[in-house]
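Pasting the structures here.
Both complexes shown next keep chain A, but they swap its partner, so chain B is in the first and chain C is in the second.
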Partner chain A sequence: MRRLVRLNLRTAIAFGIAGFFLGAWVGREIAAGHDYLIGTDQDDVAVFMGFLFATIGWLAGLGFFNYPVSRLLGRPAGYPVEEAKGTARYFRMSTDHKVIGIQYFFGVGAFFLIGGLNAMLIRTELLTPNEKAFPAGQYLTLVGLHGTMMIMMTSAFILGPFGNYFVPLMIGARRMAFPRIEAMTFWLTPLAGLVLMSAIAWNGFPTGWTGYAPLADQARAGMDAYIFAFMLIGISLCLNGLNLMATILTMRAPGMTWTRLPIFVWGVLSTSILMVLASPVLLAALLMGMLDRTANTGFYLASTGGSAYLYENLFWFFGHPEVYILALPGFGIVLEILPVFTRKPLWGYKLAVAGMLGVAFLSFFVWQHHLFVSGINSTLRPFYMLTTEMISVPTGIIFLNGIGTLWLAKMRYTVPMLFSLAFFFNFLIGGLSGIFLSDVPSDVTTHGSYFTMAHFHYTIMGGLVFAFFAATYYWLPKMTGLVLNEKLGKIHFWTMFVFFNLTFFPLFAAGFLDMPRRVSTYAPHLQVINDLVSSAAFCLGISMLIFVGNLIYSLVFARIPAEQNPWHSRGLEWQVPTPVPLHNFDEIPEITGDPYDYGVPGAPPVARLRPASAPARAR
Partner chain B sequence: MARLSSHARRILAMWLVSTAVAIPLIIWVLGPHLPPGDMTAEASDQTSANIVLTAVCAPIVLLILVYFGYALVVFRASGGQIEDGAPIRGHAPTQTLWLVLTSATVLALAVWGSLVLVVSAHGAGGGQGPNPIDPPAGAKEALQVQVIGQQWNWTYRFPGYGAIETAHLDLPADRLVEFHVTSLDVTHSFWAYELGVKADAVPGVDNIAFVHTRKPGSFSIRCAELCGLWHGHMYQTGQVVSTAGFASWMASEQKAEALNKKYLPPYSGHYYPEPQRRAG
Partner chain C sequence: MSAEPTTTWIPAENPELEARIVSLGSYLLSAATTFFFISFLFAFLYLRALNSNGLWGGPKPGHHVPTTTTSGIAILACVLVSVLLVRLALVELRGSTRALWWPACAGALLLGLAAVAIQCWQYTDLGFGTEEGGYASVYLGWTGFFTIFTFGAMLWLETILATARRAPAKAPEVEKSVASFSVFWATLGLVEIAAFILLYGVK
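So, the complex of A and B:
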């Protein structure tokens, strides 16, 4: 098969489309005999079966079944031969973690831009207090697509590109623990994005990213796309977490003790724990929603003995760890970058590790703060108020690390440093506004309002997305071997920082002034705030275009080769040549020093890259 | 503790001065404008919670801003050279102090929030589910109002007045009101902004929220949980009126709604509607 057809993105799309129609036919045959499915003008069974077969076709088209099939036929196992050069390798299944990192960067980035475009359309509608630009149904679909796309894609925004690319390099490994699973976690992601966008073909879905039942039971077939896409992402997150966890636990180079582990890797490890434990719960919640819509069950329908609270609890049991899946990699990034540009050791390393693990642990005990006014057992509210407020202790530790690392520093204001510093400002506002939402009396006012919306945009966009850009400007020269333009980078930073704050800070006020989330109609006296926000949001969109322009200019036109270690970092990933060779290290290195020993007199080098040839330690 | 360095003294001074300026401004200038106002006892509790939380957050914001601002200006590399900073890995007293201070602040906030919620505000106007743990005193004599959410409007039933159904909401001033919020189709959230009430309307659930009205005025009612196409249109204006005004409003409603009454289902804490699958 592999010799007859070159399996790549083209065959994946072709097989996926063929699979969809085959599956839809199978689904219609299954559904034909069931009365309850007749009488609706759509066939959810056919849609779900179509998506299932499309997924199988997509994976087969990429060659994911070649290995298991050839093993079943008794043929020898082996990794596919990797080509070191050429862009074609980015468009097919690859088991090289560096190729997958770059696939993630551009794949997830493209969907991030689509999600951002949805936000621009939402802000266009909100220029006026009544429906003008879009009919109500289309507006809700835009809100749902924006939210779901962003949550799905930003879950892999740092762990996808930078986790996959740099964790092996930072711990001195040649690959990830499960390279084929790693490839699959990536290839499920664009498929999920495409499935989600196919909701437009079925008149969209009305539920926003939370997909609350029973509204989801009532919705039309666009809801099936939401459910299936989110399930694919749930599988991808869980597998990615397992893979990263196994890699970090088992594949560290000799000498890479837990106290020498780069702080970014600690961030990845704590995130992967959340991914593995939280995403199966999402899958369960969505699976029951799927059965409600296809098999006539009533898990979430009160009239048949079910409960809407079941979905809300399961969803937020995933949903709250999910927001730390978004935040923790950001903590890791900024604490990784600060020492490099302050030329100081990371201040309070062990405390930072404890902070991250503490956030990961506590994040499983706070989910009911999303349900303070929902009417669930009110006895539990003080408990969830306490746990939610407690999570600001480990989060506060990250700020203390920042404070300590800046103390008596010799700061260089490079673009990654600027984004890291902005992270602290944005996350401060995001975190402190969370205190209002965790306090029940205040939450009664702010819950479900634009205050909440501003809060989580400050943490996710102000935190995660700023950290993503810090990591991009910091690591992309290593990944691509090309320098990113510094001037355009600084223009991007300042426009993004200013207009991000101008966009989201006034929304706290809008929420305080009783503007509920997800409305296309609002009180006329709020138009001034909304117009200000929309104008700032459009400028924020332009700042993203500056970044895209910078990428195109630097990677396509300027093409200035990057140095091996342009930031003079001690990190192990910077000690290997640029571009990184196929197997990373000629020999497994021996870690001999701390990655953050800047300015420490007599500090040993971070690693011996050729331990076997070193005379002192003959093997 | 060792003597503070000149950096630390300067940062501390700037922080203390800015905090001393900010906190009175928050309490006396910004505070009166914070929502949701003082139309009910619960709304007052929420307003004071918002003021206290803003006042607690201010020193934290200022500490970070002052420190980062100072560090950005003072702790920078001179020129384009790469010089190493001071190799400090940590400072145990600072770390301990930080942990103690943040933990103490957080615990104090949680204890205070719980006390307000349970003891003084009796649920603070939020939906407490069918069995409230802390009903306020005099709950037995409270005015019962059922709030029914459906796509896309609110209606109200008054079990104390023959369970009539009205399309608008008027409430008497200076009276304890017991809202029973439920839904006929999907999840809504009854948000009476100036009253300080927010309670999800969930099908099959009787979600109870208490509020003690104080003075007459109008309040806006919105839906705070996405419920489909016209979510933003679930918007009404209600009135808190004098006791006499409420009695006359109720009399006129009873007259107007008398004909409709026989079509209403019997009053119940919640209604089990037919499952609505796919709008087809």
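So, the complex of A and C:
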């Protein structure tokens, strides 16, 4: 059964498109006899069947079904790894976690730029108080596309590239626990991005990123794209979490005790708990919405015995842990980076672990703070207010770890360090403004305003995206084997830091001045603030282009080979050669010391790599 | 693009580690599955308690659509006996003779597929439409996705049987893969018990 065609991105796209039209035809046939399905004058069944078949075609085109089918026929289990060079391997299904990490980096990065482009268009419309560039409906779609794209992509922003690439290297493993599932979590992500963008073909969707019912039940076919895309991301998140957790729990090298586990891996572990448990709820919530739209059920329709609150509850039961799916890996990264550039041990390692696990645990008990103004029973409010405020305790602990590590330290202001420091600055503002939103009295006045919007941009962009760039400048030399230009990196940092704050800080004020989210018009006296924000936002966009320019310059033109351990880090991932050999470690290493014993006299080396690992093997 | 890749194989981890990975994976998958169905449990309790416009039970307030208890019991029985047969196979595999594990697993597979078939047949003769109230929605969603999960579990079981048929000698490995499968299948059994109590008993 050798393949006749080479399966890669091209076959995936071809099979995906063919699958869509086949599925749409099947869906139309199914709907034909049922008047309630066609009575709504739109063929949701055909659209969903199209997406389903497109997904099957996409995965088949990449070769994901070859192995399951061979297993169904009784062939033995195994893990082939393609030892290939060149760029072609990045456009195929690969089970090498290092290839997948790089696929994630560029794949998710591309969609991140599209989401950013949406933001630029939003800020263009907001240059004037009146409707100018886009009609109200299109503006709403733009906001929805921006929000959904960003949430979908940022969920995989750190765990995708750096989790998949570095967790095995940091714990001394040769691969992830489930390499094929790892490949699938990646390949579902760009598909989800494409499906979401296909909503434009049906004039988008009106709900914003939260997809609230009953509007989602009434919306036209663009909503189907939202639902299906988010479902794909839900599956991808759940499987990614499962895989990461299985890897960390079972594949640690000998000597890698729980107290020697790098703090980034702890961040990944606590996040993966949330991914495994919260994303199935999102999947179920979206499937119910899909049934409402196709099979005519009434989960979210009060007119047929359902309730829109059901959606709000299920969505936010996922949605709040999702916030920490975004944030916890960021905490892990900055705490990982600080000791390297302060040359001090991480202060309060165990406290940091407790803080992360505490955040993960508490995040399941706070979701109703998103419903404070939805008319929930007011006796429920204090409980959720209290639990939400309690989250600031473990989060505060993580801040304490950062400050303790920085205390009296001689810092090296490298680019990753600058981004890490900015993380603390931004996240402090984001976190403190969050307390206002967890507080019922202040939430009822700021809910749905730009205050909320500024708050979560401070946590997600100011926190997560800054941590992402810290990780990028820190680890990309290891991943690509090439040095990133430091001067351009610093220009990128300073422009991004300054214009990020100039963009989002004034929006707190706009919120207090009652500027509502998701509306394309605003009171004329707010124009000065909005024009300031828009111009800062355009400069923020330019700072991203500086980063892209740096990538192109450093990886395509300059191509300066990176040292094995340019930051003099004790991390195990830096003890292997650059580029990392196919099997990571010739022999599974033995961990002999703590990862953060910087400047500790007599500290043992972090690991014995038994036979000193040879540089990249033959070929 | 670049040269033809050569496929090598990652040096095999020891089989014990592979088995531990699959076992842990099964527990995690069970946890995720549980949370998936907890969403339907929540939907059941929430919509039933809320009873929007009195329409929980059916298209008219105070009315409840008929439930097809007979086929419900049949599905429950198929699933539970199948779960027990897998446990039996496990006991057999851990014992000395190992004579019965194959028929037990094959029987479990057939019963699981029977549960899927009965559910599909039941949909053709429900006695109520999907739009007839909150109960109808939850019923359709819960049983529908349960059936899909059951079918997936049966594919897994088939894989174990097919692998063992090709390489019959490795009993300890078969035992470990059956044990991992059993965790997931027992979880689905618990989901089915909850579904039966709520969808046919409490209504």
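Everything that follows uses one rule, which is that the second predicted complex is superposed on the first by the 593 of 619 C-alpha atoms of A that agree within 3 Å, B and C clash if a C-alpha of one lies under 4 Å from a C-alpha of the other, contacts with A are read in each partner's own complex, and residues count from 1 in each chain.
Following the convention adopted for this analysis, a residue touches a chain if its C-beta (ideal position, glycine included) is under 8 Å from a C-beta of that chain, and two chains touch if they have at least 3 such contacts.
Since the structure is predicted, the reported quantities are computational estimates derived from the model, not experimental observations.
Colleague: With the two complexes overlaid on their shared chain, look at chain A and say whether chain B and chain C clash or fit.
Modeller: fit
Colleague: Of the two partner chains, chain B (first) and chain C (second), which one does A:Ala110 touch, if any: first, second, both, or neither?
Modeller: Neither partner.
Colleague: Quick one: classify A:Val528 as touching chain B (first), chain C (second), both or neither.
Modeller: neither
Colleague: Regarding the shared-chain residue A:Thr304, is it in contact with chain B (first), chain C (second), both, or neither?
Modeller: both
Colleague: Taking the superposition on A as described, I'd like to know which of chain B and chain C A:Ala32 touches: first, second, both or neither.
Modeller: Once the two structures are laid over each other on A, A:Ala32 reaches no partner at all.
Colleague: When the two structures are overlaid on chain A, which partner does A:Val281 contact: first (chain B), second (chain C), both, or neither?
Modeller: Touch status of A:Val281: second partner only.
Colleague: Any idea whether chain B or chain C touches more of chain A?
Modeller: If we count touched residues of chain A for both partners, the winner is B.
Colleague: So in the superposed three-chain picture, is A:His583 touching just chain B, just chain C, both, or none of them (first/second/both/neither)?
Modeller: Second partner only.
Colleague: Looking at A:Leu242, would you say it contacts chain B, chain C, both, or neither? Reply first, second, both or neither.
Modeller: second
Colleague: Look at A:Val548 in the shared chain and tell me whether it touches chain B only, chain C only, both, or neither; answer first, second, both or neither.
Modeller: A:Val548 sits against neither chain B nor chain C.
Colleague: With chain A at the apex, figure out the C-alpha centre angle toward chain B and chain C and round it to a multiple of 10 degrees.
Modeller: 100
Colleague: Could you tell me if A:Ala558 is touching chain B, chain C, both of them or neither one (first, second, both, neither)?
Modeller: neither
Colleague: Report, in whole Å, the shortest distance between any C-alpha atom of chain B and any C-alpha atom of chain C after the two complexes are superposed.
Modeller: For chain B and chain C in the superposition, the minimum C-alpha gap reads 8 Å.
Colleague: State which residues of chain A lie in both footprints, the one left by chain B and the one left by chain C.
Modeller: Shared contact residues on chain A (touching chain B in one complex, chain C in the other): 36, 298, 302-304, 307, 309.
Colleague: Under the definition above, what is the set of chain A residues touching chain C in their complex?
Modeller: 36, 68, 71-89, 91, 174-175, 177-178, 238, 242, 245-246, 249-251, 276-281, 283-285, 287-288, 291-292, 295-299, 302-307, 309-310, 313-314, 582-583, 619
Colleague: Could you list, by residue number, the parts of chain A that touch chain B in their complex?
Modeller: Its residues touching chain B are 36, 39-42, 44, 136-137, 140, 206-208, 210, 212, 214-215, 217-221, 293, 298, 301-304, 307-309, 342-351, 372-379, 381-382, 385-386, 389-390, 392-393, 396-397, 399-400, 403-404, 406-413, 421, 424-425, 428-429, 432, 435-436, 438-445, 447-449, 512-514, 516-523, 568, 597-601.
Colleague: Help me check something: in the complex, which residues belonging to chain C touch chain A?
Modeller: That would be residues 1-3, 5-13, 17-18, 20-21, 24-25, 28-29, 31-33, 35-40, 42-43, 46-47, 50-53, 55-57, 59, 129-138, 140-141, 144-145, 155, 158-159, 162-167 of chain C.
Colleague: Under the stated contact criterion, what part of chain B meets chain A in this complex?
Modeller: Listed in rising order, the residues are 7, 34-36, 42, 45-46, 49-50, 53, 56-57, 60-61, 64-65, 67-68, 71-72, 75-77, 82-91, 94-95, 98-99, 102-103, 106-107, 109-110, 113-114, 116-118, 121, 123-134, 181, 185-187, 189, 191, 193, 196-200, 202-205, 207-209, 220, 222-233, 235, 270, 272-280.
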